[in-house]
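Two complexes come next, and they have one chain in common, subunit A, joined by subunit B in the first and subunit C in the second.
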Partner chain A sequence: MVKNILEVRDLYLYYKTYKGIVQAVDGISFNIPEGQTLGIVGESGCGKSSTANTIIRLLPKNTYKYEGSIKLNGEEITTIPMDEFRRTIRWRKVAMVFQGAMNSLNPVLKVGFQVAEPLIVHLGMDKSEALDRARQVFEKIGLTPAFLDRYPHELSGGMRQRIVIAMAMIMNPQLLILDEPTSALDVSIQAQIMNLLKSLKKEYHLSMIFITHDIALASDISDLLAVMYAGEIVEYGPIEEVLLNPQHPYAQKLIASIPRLREDKEPEFLPGNPPGLINPPKGCRFASRCPYRFEKCSEAPDLVWINGNHYVKCHLYSEGK
Partner chain B sequence: MSVTRSGWQIYISSLVGKAGLILLIFMVVASIYVLATYPLDYGIRVWSNPKSWADNPITVPPTWVDFFTGRDLVTHHITITTTSKGTETIAGLKFKVYELDYDLEEDGFPTYLMIKIYNVSMYSERGVYFVINFTRPDGDEIRLITFAEVPPPNSDLPYIAFSKNEKIIFLSKERSVGFSLLTYINSKYNLNYTIDKLNEINYNKVLFGIPTEEGGEVVWKPLKGVYKINVYMLGEDKDNIAMLKAVFGGESYGFLGTDDNGRDLAQGLLFGFPVALAIGFFTSIVTTAIGASLGIISGYKGGRVDEIIQRISDVVYNFPFLPIIILIVFIISRMPGFPRLLAIFGAIVALGWPGLTILIRSMVLSLKQSQFIEAARAIGASDRRIMFKHIFPNLAPFIFAQMIFFTPGAILAEAALSFLGLGDPNIPTWGQIIEESFRAGAALNGWWWWVLPPGLLIMLAAITFVFIALGLEPIVNPKLQER
Partner chain C sequence: MKLENLKTYYILRKGLFGRLVVKAVDGVTLEFKAGEITAVVGESGCGKTTLGRTSLKLIEPTDGKIIFEDRDITHYKGDMKWFRKKAQIIFQDPFQSLNPYHSIYEILSEPLVVLGEKDRSVIDEKIISVLNEVKMTPPEEYLTKYPHMLSGGQRQRICIARALLVDPIYLVADEPVSMIDASSRAEILTMFRNIQKERDLAVMYITHDIATTKYFSDLIAVMYAGKIVEYGPTKKVLKNPLHPYTQALIDAVPDPDPNNRFRMRPVVPGEPPNPINPPPGCRFHPRCPKRFEPCDKEEPVLKEVESGHYVACHLFK
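So, the complex of A and B:
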């Protein structure tokens, strides 16, 4: 049995806005075994990025509810005081590549300094020592050390993305969260970055959370897949299971919407919009768009075990159907 | 940006940028010259000390007005001698002779004639006897004045007279000179003047001129040529005059004329360069530093800190600048011993920071939402580190331009305060000089050389920094760049 690097149980993250409470992450649970990658897929605004922010505890000021249990290597990290969290967990053990990495770099600072900065902040290294380490990391991710002295605007999108990954890798974290790392890149650069991530995964036995709306991309690197819908994980399981044998009607529709080569079938699309996360519907959140809906869907479904490590949140599979 | 050019190239390619830089270099060179050659306490030791200007003519225009007046104005002239020409025996008495020459080349009268005697050593208690003769180019010798100087009783010999204060004889005002001149013109030109009539036409006209008749009236015309003042001293052989000085007052003086104390305005105005630059730079640096730091803290920290800083800036920002600053400087300058220039500096800083704070805060508010600031927070950087290592560099060009923009404001504020009489009288600043000219009624009297140059210099300083700021604007705000 492989040890779980991350165990998340009943995680909640609500925001308070002028319009009401936004239930961005609503009671999700999942595990990531060591060295494996969890892909999180779903539509825009379904809570993927909020999940990532919750794990690394980058909570906005208007956080209303932050609850649940996150165990990193068996250690509960939600109860650690903020200051200690910043010093010991964030970036040392859990690092993150942000959505739109192009903008994660400060335009007026040299990239070398930005990559090296965590070392200065966390280990109190002096600048030249930190830059030496950054140089090593640069070589590891296939950048010539000459790039250390460049400013972000002098670099292409792919290079910037590599630099942001270098910034995340410099402290040798146990878990790397990638929030849409390739969404702004063209396909060939996307492939390079994916190959880099795969080699990092293999070489350092790195555990990752890979957040994307592109299921094909997620399938390329993930071992596990979680499908999110309106703040909840509606299906979770090994990648082959979920992709080849999707159980939840949303997951089925989502996978059917991927265009296929040499198949006469038109890609399907989901009619309607996901519910707003302020006052979402009481029962199953997908019910309004679900072709299989029945009376019970007005009650909230529980997570149902399908087989092995495969769970689904749908009344279609619950006992008392 | 279609073409990437360095900031410097953008700056130097603009005409105003170049002009501003040249003017700034000029100001800096002038300041360096002043700092290298003037004593640091120049204001107290020289400028405000009447002794250092005693020889100068009062409120005379610059020498270069000759180009416009059509007649060469008499230049100011000082002749000094420290050695005796020899001895001369008159009526069996041996006199020591000192000679002072003066060549009148211009078609005018020297405005006054003054003689100064320094350190006369006497070896006998009988003292010395002086005779001052005046020889004109036409060969006439006039005995102007005679007087004796005796050591005080029981003083040690040799006694040095006129050591503390030199003996000053205003020959062109001295009454006994008047009587000598009356005798002279009576015998030479057969003119029967009264002493009052002589006072009316001025002794210097008689000393340096000849009477001509014009339309039935006597008009004195200047007599060009070499004049000699001979000082005869009767005493012991060893008795000696250390230095003799004759001052022939000019109708013009120096590069920028003199004020009503005879002060050389060119010197004072030159001293104004480093003072103006120092006031401009220091106030703008300190003001910008305070304004920008508070703006960054206010915008980044948010919440209560933000509220407090912003409300204070709102209040201070709405103070009417000049009235409040006058009040502050007035109160501070009442404190004895407190340097007034420092009070002005402090007052400008105290009222100058809020504009930038409000502006910078709004920029930080949008900056702190950006991904790279979130990324910096994620890597565990402290608030201080984020504010000054990540946010500040993004604002630095803007802050720098604001600093340059604020500089002329500070210079003008100092000038305004000085003009209102709140400046430091011991340090000549341009505003100070304008204020003195105003008090002396220079504008009414037509003493333009006292009013215009300081005004133009203040303008020049302001324009310099406005030009530089205009040249910097396209760098700070790329939208303004010409394609």
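So, the complex of A and C:
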């Protein structure tokens, strides 16, 4: 049995706004075995980025509720005091590539320095040693040392995305969270970045969380898949099972809606919209759009473990249906 | 709509060494027939949006011809109302293209009023019927709503309705679903396809997403650095892509498949060229895995290789 690098249980993140409480992450659970990649997929606003932020504990000021258990290598990290979390976990063990990060590089600093900076700030390394390490990371991600001296505006989108990945990799993390790392890139560049991530995964036995709204892209790297809907994970399991034999009606519809280039399958569609996350419906959140809904769906469903590491949150599978 | 050797250049600024010219569209010939959707596929900066807008005379062409209903309108400067009624556009961003302070009724009545319709009952009737067409039912329910009260998909339906109101015969749809959630894309495109067939529209469907062209187009034109590199019936082009760039575009798009993760995706190295200074010869040659002797010298022209299937590549003599 491979050990889990990450175990998340009943994790919540709510935000307080003037309109009400936003239940962005509402009691989610999952595991990531060491060296594997979990893909988190779902529509815009379903809570994917919020989930990532809870793990690396970057919580906005208006956080209303942050609860649950996150174990990294078996160690509970939600209760670690903030300064210690900063010193020992964030960037060192868990690093993240933020959604849209390639457009927020500092325009007046050379990218080599931007990549090396955490080593100077956090590890007290001297500048030349840090730049040396940056050079090594550049090599890993397919950039020649000449790029160290470039400014962000001199680089193409694909190159900037590599820089952002280098920044996350510089402290040698065990877990890398990637939030929509390729969605701003053209398909041919996207494929280059995916190949890079695949080779990092393999070469460094890196564990990853890969967040995207594009399931086909998630399948390019993920060993496990979590389908999120309105703040909840409605299905989670090995990618073979979730992708080829989805159980949750939402997962089924979402996967059937993907246009396929190489198969003769008309994309199906899923009418309607997800509920808002302020006062979402009490029962199953997908019920109003679900073709299989029945009386019980007005109550919130529990997780039903189908086998091993695969669960679904749906009354169709609970006992005494 | 016929475009003949159309060129649209942007003059950036007068630099130290003279002007910088961006050859956004550099000699495109295409024909859009009633009842057909032609997908113009390419990556950002290849010139596809400029091509669409030039065809609508929203941007002045630098050279070449725009022929609409057998009439050369390339340099037509007079009253464009008749053309605006017949040729319309749907923009990429349904959030920015609807005025947030106007109700749906106001948004939809505007184009009719601008184009000279005065009879309120005619306007109301048209609005109701077009809302039905885009499946915003019952229409009365939406008339008093404002754009922020609608989902992205519903807003895009309103944009489509607005374009259809004046009964155009040619439509440019510029990335109409790229800002919409994946799960609603198929629904909007299917609806659009049905309307297009029903109305026998000629459509230029601009997209970077080659996977959707399979279901929602009759013909594909693949664009790279301002030029069409391959053109033909969608089925043929997707099944048997001839240009190495088209092959690379197709290879880059994964289908959902758990086995993907065990293999590297075939990729072409590098990035598209700077349109100010495209490479000589074939513009794709620096990235092309199959380049050979003539590719960096001679510019290949679009040739018919099989019936209806054209490619601009030296591999095909």
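Following the convention adopted for this analysis, the second predicted complex is superposed on the first by the 316 of 321 C-alpha atoms of A that agree within 3 Å, B and C clash if a C-alpha of one lies under 4 Å from a C-alpha of the other, contacts with A are read in each partner's own complex, and residues count from 1 in each chain.
To be clear about the criterion, a contact is a pair of C-beta atoms (placed from the backbone, for glycine too) under 8 Å apart; a residue touches a chain by one contact, two chains touch by 3 or more.
Just so it is clear, the model here is predicted, and its values are computed rather than measured.
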Combined model on subunit A where subunit B meets subunit C, clash or fit: fit
Which superposed partner A:79 touches (first subunit B, second subunit C, both, neither): neither
Which of subunit B and subunit C A:215 touches, first, second, both or neither: second
Partner chain in contact with A:128 - subunit B first, subunit C second, else both or neither: neither
Which of subunit B and subunit C A:144 touches, first, second, both or neither: neither
If touched residues of subunit A are counted for subunit B and for subunit C, the larger one: C
Apex subunit A: angle to the C-alpha centres of subunit B and subunit C, given in degrees as a multiple of 10: 80
Partner chain(s) touched by A:223 [first = subunit B, second = subunit C, both, neither]: second
Smallest distance from any CA atom of subunit C to any CA atom of subunit B, in Å, after fitting: 5
Partner subunit C, residues of subunit A touching it in the complex: 37, 43-44, 156-158, 186-192, 194-195, 198-199, 213-217, 219-223, 239-240, 243-244, 253-255, 257-263, 266-271, 273
Complex contacts: residues of subunit A adjacent to subunit B: 56, 58, 61, 86-87, 90-92, 96, 98-100, 103-109, 117-118, 121-122, 164, 167
Subunit C to subunit A touching residues, read off their complex: 43-44, 151-153, 181-187, 190, 208-212, 214-215, 238, 248-258, 260-261, 264-265, 267-269, 271-272
Contacting residues of subunit B [partner subunit A, same complex]: 302, 370-382, 385, 389-390, 393-394, 396
